[in-house]
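Letters A, B and C mark the chains as written, and numbering starts fresh at 1 in each.
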Amino acid sequence: MNKMRRTNTFSVRKLPGFPAIAILCFAMLYAPIVVLVGYSFNAGSSLALWEGFSWHWYYAAWQNDQVQTAALLSVVVAVQASLYSTILATMAALGTTRTRPYRGQTAIYTMINQPLMVPEIVTAVALLICFAVIKQATDYRGLIYLVLAHTAFCIPFAYLPIRARLEDMDKSLETAAADLYATPWRCFKKVTLPLMWPGILAGAMLAFVISLDDVVITEFVKAPGQDTLPTYMLGQIRRAVTPEMNAISTALLAVSIIMVSLMFILSRKKSRE
Amino acid sequence: MGNTTSIAINQVSKKFGHGKNLVLALDDVSVEIEENEFFTLLGPSGCGKTTLLRLIAGFEHPSSGHIQLHGEEISHLPPFKRPVNTVFQSYALFPHMTVAENIGFGLTMQDKPTGEIADTINKMLQLVQMEDLRDRRTDQISGGQQQRVALARALAPRPRVLLLDEPLSALDYKLRKGMQIELKRLQHETGITFIFVTHDQEEALTMSDRVAVMNNGRILQVGSPHQIYNHPAERFVADFIGDTNFLTAELLECGEGESLLKLPSGKTVRSGQPEAAVNGTVHIAIRPEQASLTDDLIDADLQGKISNVVYSGSDTQYHIDLPDSEEFVVRMQNRGTLNVNWQAGQKIGVNIESGAVQILRN
Amino acid sequence: MSSSTKEKGLSDYEIAARRHELKTNLLLCTPALIILFIAASGPLFVMLLYSFLTPGDYGGVEYYASTEGWFKVFLNQDIFDDTVSLADAHLSIFWRSIRLSLLTTVTAIVLGFPTAYFIATRPLGSRNFWLFLITIPFWTNLLIRTFAIMEVIRNQGVINNLLIWIGIIDQPIQMLYTDFAIMLGMTYVYLPLMILPLYASMEKLDFSLVEAGYDLYATRLRVLLKIILPLIKPGLVAGSILVFIPSLGAYVTPRILGGGKNMMLGNLIELQFGQGRNWPLGAALSITLLLIVAIALLFYVRNVQKSAARHE
């Protein structure tokens, strides 16, 4: 009886086969990651045979000098790049939102979003060429090139959530502050900044993740010995791979997922206010 | 009531946009608002009333003209240098501060001593009866309570003038009625000049000492609610406030404070002196409740046929077709059995009360 | 200047206030624009210049003007008899890049469309959860995700081991280092870029229109083709562009999954700056890639404008 009724109901939203493909799609998205994470706990050195659970490869990665150096460099670059790009993006967001439209605004948008539109490999070789000239002229080979490149391509990522936040904000709050004797600077400090803070944090986290994950531009800009974790991994993948790589990958994945989840929570907070 | 001028608006114009999109939001507006006054800017949306308020607050600069506060030119001072505070339509309460912090914001920005700020916050909380909610966040209180916080926040720095931008429009009917009385009480207790913006004519009439009716960027008439209602100077004013019958009449005599008019029916009626010099045919306005029906067709001021009878509880409206196809509405109070039962289709006479005829400028 | 502002009838204070606002805005944007110019847009111009120079013997360039770099993008000159022929190696790489990118886009549509539809028809509460599941891979490391795919399709990887264990095959299938591997990898890493915009336009889909379709005797297939598809076209176009463009410029995925032989444009460009030691050619190839991307973007912008105009 019940069954009969169910077959008789016509669901407007249902399209046959779609849920099956969707589930397949989710499985496809997560299965390789699950396998990757799983083998990072393999006691043996094979990526095919399961020889029992162990933290061995995490320990091995932790002990590996090259990994340590690369991880440290990754963090140093990502912290600097996200800090600088967030400050620059915050200023740019303040200068492009909630204002009377002005000439050149579109050009500024295009310029800020340009790193999203140009293929990474093109930016990478263009930076290789430019920095080669500067390196030759100045003989300076420090970290600044990496930090500069990362800062630039992190700007659009930091800019997006900050701008979204600002556009969501009620402009009358700042008008009210000015009405209540707050000078422009105090209005910014007491009202604008506290209100846009979730957007700034989200932008900074996004920039941090993007910088931490970058391979292509880093690969072309880095001086010898300036390996970040991703470029170190890129170099290792071609050789015989051990679960140590899986362990490093899992750690990096964990950092990204935590950051993105935090960002999600922050942007949720926005919509509630 | 003091009669010193608080705010003087002098030939102020404000333009927005340019070229094809040019909008003249305020067109050569001049008005003086007295100290201690509850002054209302009344008009339909887009009439320029909010723009005028924003100019007084300093959120916009006039395109031309002057604004003076107690004789001092303020039109180019930034908002944070004007002793004028605003209650916003959306309240604009700071969501990251508590009720008390919101109220104290203006005083903090003026760098008042902490003790004084705390005292004022307490006094203000008391004034708007919100002592229990002082540490609540502003998104945890009701709309009516937010309204009170917005009021307290704007009053706390003791401004010379308080500007209110349709502050009651977001409240439901009952709360709005309560707040109208509350606002009147606050204005009385604080002695601060209130400039109130609304599109609600009833609100304007019940609360204000004086009302300025605006349309298309101009102030059409300034006067007490009684003057505005009973002696509208223009067709727009008469039409916007209350219901009105419009007729044309011939001006026969125009004497000292009195004039004699000939109605289309041939009958003559007396009226006050017209505001502007007019002669020949003039437009007149008559309120529906200042006319009455009569079975005496011969002596009546107007004659016609009842086309429709609309019963609405306390009174009944009779729609009457006049001979020259104009419509005239008479509103009569229902007084139980005393009421005569006039029917649609019946020929009827209309008597106009003395002093009900108002000659319009246009 | 002053006459035009006079015309607008603004007071001096209004003009001053506007100028001040503009100045503040520009000042706020300047630092970001400077950094972006130094490390993003500026270098592209330098690269354009480099494409017209002579390659140096050990990489780098000699500062002599030359069009050889551009010449070699599509053409070959025989060393012995100077005959000009098409550069087959380059052409096949261009062709592979475009073919694989298109294939990736189509596969992403086939997989992404039902998935986006599935998410959009979930109850509101669980929708965010499914969306979050799509977003997570989107923000995680592309290299790691490629590496994960590599582990799965290796000869000793999970898939081959599983198939052998079941007994379908007794020799592992060579999947890694093939065009298929590249396409699979790119589909895997760029799939969220298809699903997210598709979802965004499906979320706005008014299902009463679908009901109206069924009411007017349309079958499921016809409702899909005649009602749903036209309505979510903007999302479909956006998703396609978002998958196609990074696929075309992919570097990491073909490098890891394609091995040395199956190069795409990104790898060909890299080659010129490495072993190839022909920077001008590399620069010219980069700009060619950039031009193809620009054409795809232009196509997208025109499409958006057209549909925006339609909706007005």
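Here is the rule we go by: a residue touches a chain if its C-beta (ideal position, glycine included) is under 8 Å from a C-beta of that chain, and two chains touch if they have at least 3 such contacts.
Treat the numbers as computed from the prediction; the structure is a model and nothing was measured.
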Message = Is the chain-to-chain touch network here best called a line, a ring, a star, complete, or other?
response = complete
Query = Which chains are joined by the largest number of contacting C-beta pairs?
reply = A-C
Key: Geometric centre distance via CA averages, subunit C-subunit A, whole Å   = 17
Request  = Find the geometric centre of each of subunit B and subunit C from their Cα atoms only, then give the gap between the two centres in Å, rounded to an integer.
outcome  = 60
Note = Between the Cα centroids of subunit A and subunit B the separation in whole angstrom comes to 56
Inquiry  = Residue numbers of subunit B touching subunit C in their complex, please.
reply    = 13, 15, 18, 22, 61-64, 75-76
Inquiry  = Taking the touch rule as given, give the residues of subunit C at its contact with subunit B in the complex, in rising order.
reply    = 7-11, 13-14, 17
Residue ranges of subunit A in contact with subunit C within the complex = 10, 12-19, 21-22, 24-26, 28-33, 35-36, 39, 46-48, 84, 88-89, 91-92, 94-96, 99-100, 102, 104, 108, 111-112, 114-115, 117-130, 132-133, 148-149, 151-153, 155, 159, 206, 209, 212-213, 215-216, 220, 230, 233-234, 237, 241, 245-246, 249, 252-253, 256-257, 259-260, 264
Remark   = Listed in rising order, subunit B residues that touch subunit A in their complex are 57-59, 78-81, 84-86, 88, 90, 92-96, 105-106, 109-110, 139, 153-154, 157
Ask   = Which residues of subunit A touch subunit B in their complex?
value = 170, 172-173, 175-183, 186-187, 190-191, 194-195, 273
